[in-house]
């Protein structure tokens, strides 16, 4: 029988049955007291989980929308913005900010590396930035920015709102909003939360909320913090209809995370990613992100010589694992492997086995079984 | 045993099992060829169903977001916009447009009535409007605007983009984009499509698309037509992760609609709404919307003397039907009853029975059974 | 859109979503500690709910199998058995008993009536019966036997095992095993428990268990109490693989019953059946079972003159309700309407509305709406 | 997060989502024309799949019940029966047959071996047997009887009904009823069909059906072929309520099997079982069944010295795989590993990985990774 196709791209990630079941419920009225209670508890849980004394927004949309939400609520035309880009998703802020009339400075790292805190600090000294964006783990490279260290620096720049794009990180990589000096953190449901795509999540600390207040009316409507704050504090109120089933699914995801323990979850992501990366290296692959900068949520995996990207991914899919291709200059040179969210050990062994079977089918010469053995020794 | 709580608010509407089941599937990679095929077919089906030679956008978000999407893609700061408002949701365009720097003129009807095509035409002659918005059925009143007649007028105003807010109408009230001279039509998944909330749907004809092109870069990012057009034509491409399960659910909803036949569906909405409204009147309620202007998707139902809104809706919920309260000046004076989407006759009889039982519990004097009898005679 | 087809036959009955969801779970090992716990709790709950100091058996099979299980465990070739038959299902015991070499005496009532306790007592005096069977509610007639009164008589006949066939009664009609002097009660999952078909349920009191012991080895294997007693007391043991998902579903059904309260459930069945029967009579139908003998779980409904059975049931199905035809001499003369289990008021109103719509389509002359009105006045 | 607990006992086997979904549907009337069609098609498909010119019975119950059904329909008190027993499940026929008054002869093999066709033939010459039972794969040993060879012998004994117990074989091990000279084959839903437990399946060829006819009335009621033949040929008729949801699930299972191809499925079972058994041997385990006699559906796996059964299975469960313990004399000495039905390669790699992790946790000395490597080389 055909192998189940494992969803090993960097999002959506595999969805477990209890989360699927919440999606599959009959929808209720958004004002139904039981739903209002569920939604309210979710927001409280999410604030607590990521330790923010501020607001948490859960809104129908995507991570892309959350980027815009972050920028729109803390900047105005003519402001300076510093974009710290470690890849494709860092760069996305450029277009976004420019179309909003912001003056954009960009600090870029070569793909696989990250801009150092020192470089950031030098730049911050040059100019007054209304906001700075850092992509925690850039999906295009798998490199992980030192957001905590950067957070320590930013504390000296009270005018700069520190925006962390946690799309490919949040709920997999350690992130505590207030403790790390983050002002805005955002992500989407289909990443390390393990829910279907369709929800944007955003946490805003007091500094960000004050900035929003100071801006008065902003041009954006649907993603305006001010519209949502009353709702997030009392979901019986109306601004736009909440995505009822997705809210339930996210709530179940939070329950699953709490069952595991958020710290245990972070540790698991470290353990699993190291084991996977070791296994991949034992097979002759290279990890794009430099050691020390590697994210725990996904790996960008450079092919050894002789492996054709299209063939590799085609056979992978046939053997039962969907992985993503490389972006931009790395198209054809690497594949992107998600290993975040609700994936258990079975999934991890299965995917390394799929990779080995694929290599064998491609006639690749290597020591058969070494990937699985290395995985076993490192899990 | 407790009665099932029927979702009789004007959205979300009852979701049927086959649609729930699509929501409950394991999520797949958005680039999975089978999903790409599903998404593409959905877009094609939606264009055909609403007869547009242009584009259809299905994007994670809400009807509120779709309003902003409509405005943002066809206007620029300083443009004149005419807002035809028949209620609360018509008025919402004012804030939205003003914050985008548009000059807003508003034509308002008393609640329950609609602005006449003549009044609109007079206004259009006065000034050059970049766009005009009309709410097809305003959920706050249940009044239905004569969008087809207005469409005939607007043809003489080639600079004005005709935006129809179909949130509480589309898939329940007759709407054919090109044939009716509509330039932009939008709605959300949880209304007459009978899907959970979480998707915005928007159709744009050639005139709207040309306008978008002429604007160059716009400040909005996530809701920019230009970002989505390539995706909607080839969903294997990426801009923002599609809400996979919601797309499947909407696709199933389209299948269900086609099974019924879209014309048969429109006729059913007429038949059912008339029967419900007759039944309500036989019970001593009055319908806010004037005859001739009544929408078929919901009714705003004025209480007879002596009925307390809070008590009425509380007992209704206990007896098994959630209805919504009145908005603004009508809070406490009426309840809002949705009767759109995938509701069958059983649901209709059940809800009238719930209303009768509620009246009896409230000690209301009337001829018992007259509501059900009137319903039976008019269905 | 097509109306949902309500399952208004006397079993299967409508299954609610929370019960369906238990059916839809991934199956686990029958020795999985969590399943063992679930199964054990179910048996305990079922003993308590029906008040038996003895055993409860929940076994993959049907009500038909449960009949055989009852007989096989308390009789041996050559024994006398008294069959109290009020219809088709009472008569079924004849073939069953005769093929096992039992001497069968039958007391029969005209269809719609029940054999009186006095008649039973006279018969019991004549001969020593090893067992006596009484069908609580015979599905072929809807007549309800006075099982409690009969139970008082049987106490004077210590050699006679009192077997009550509760297939169309249990969990809808009041039944307390020990208190009513019942020795064996049985039913199936798809009746008033509201679960899919596939499970036989049987309760045996101490007298029945002693009889079984005294018989030594019996010819039957799968339905032998002795094989199952160890399992029902410790479901981690093995005799035959339990129907895991059906056990979960039945457990959920028991939870639903306890949520309502078993006494409240019995009262509801009385209230609903009376209202339905009044409504049907107001429409010109007659109820086969005599007043005083009417079951609360189903009605056998005689057509008024001029109504054709096949046409009636065909239109009923189209309008959204499946009902069953009459059996034996009553084929074509009546339809059988189930109203047991997890049916809420919505279902009841819906089905009477379906009946009225069907009558109207058949051109039947009557006061439109009278059925619904009568229902409303009597619920 | 906790690993999903894989169901690797020899039944129930893992149930896939599409089969679970059939279980989770709302139940319909058993006379609903769509269900009748589904049931009928299922019976036709099952006859074709196992190539029988006779009848196929799908009845609520279990494999244990199917054993009794097989015996009861082809023997009468006083008949001779030959039981060919290769383990615990072979022996079960002894009690079953003796309680029915049959004269039982037993041919037994040491556990792990099978009775040879020659031995069987010698025995058949001695006496006139009304029936002979052979357990295809005995779950207690994993040994596989040469049912095809035995079928060739039995053709010379026209008075002997050849009953094959396929419980742990059917739909995994090659079985063609008529071609192999089998008269009765039976199994249960939760084995290689991959459905939840709750259905017995039985195929009877013409010889078995004639025998049944010749017996006249038999003492058994629920499992009497004669009661079911009319139903299996026209499921709109009634004998006992079919287990609607389980029938749907089995039908989906048949669809899944046909999608794979029954021959491809048999080949897969061979390939996977060989790979698993090689992997286990490379880890130091021994397979109880002798090579040449090994079933492809499960393995009975003898522990290497120093491994404690209870500890091993406890850690296995924690790591994410339920396996079964040894029976009778082998309790504590081996574990039983199911590898039949709808298990894909991911499951196979996962379970070998679980075994390796368990061995490591137990401090067992061995070459880490050798099990996975051997698996990879042999799949």
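Per-chain numbering from 1; labels A, B, C and D assigned in written order.
Note that in this section a residue touches a chain if its C-beta (ideal position, glycine included) is under 8 Å from a C-beta of that chain, and two chains touch if they have at least 3 such contacts.
Keep in mind the model is a prediction, meaning the values are calculated, not measured.
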item	value
Intersection of the contact lists for chain A and chain C	B, D
Most widely separated chain from chain B, with each centre as the mean of CA atoms	D
Of B-D and C-D, whichever chain pair has more C-beta contact pairs	C-D
Centre-to-centre distance between chain C and chain B (centres being mean Cα positions), rounded to whole Å	47
Separation of chain B from chain D, taking each centre as the mean of its C-alpha atoms, in whole Å	55
Averaged-CA centre spacing for the pair chain D and chain C, given as whole angstrom	33
Of all residues in chain B, the ones touching two or more other chains	21, 26
Chain contact graph, described as a line, ring, star, complete graph or other shape	complete
Chain B partner contacts - residues on chain A that touch it in the complex	5, 7, 9, 11-12, 14-15, 20-21, 23-32, 60-65, 67-68, 95-96, 98-101, 188, 190, 196-199, 217-223, 239-246, 322, 324
Of all residues in chain D, those that touch chain B in their complex	17, 21, 26
Sites on chain B touched by chain C in the complex	1-4, 6, 256, 259-260, 265, 268, 319-320, 342-347, 349-350, 353-354, 356-357, 360, 368-370, 372-374, 376-377, 379
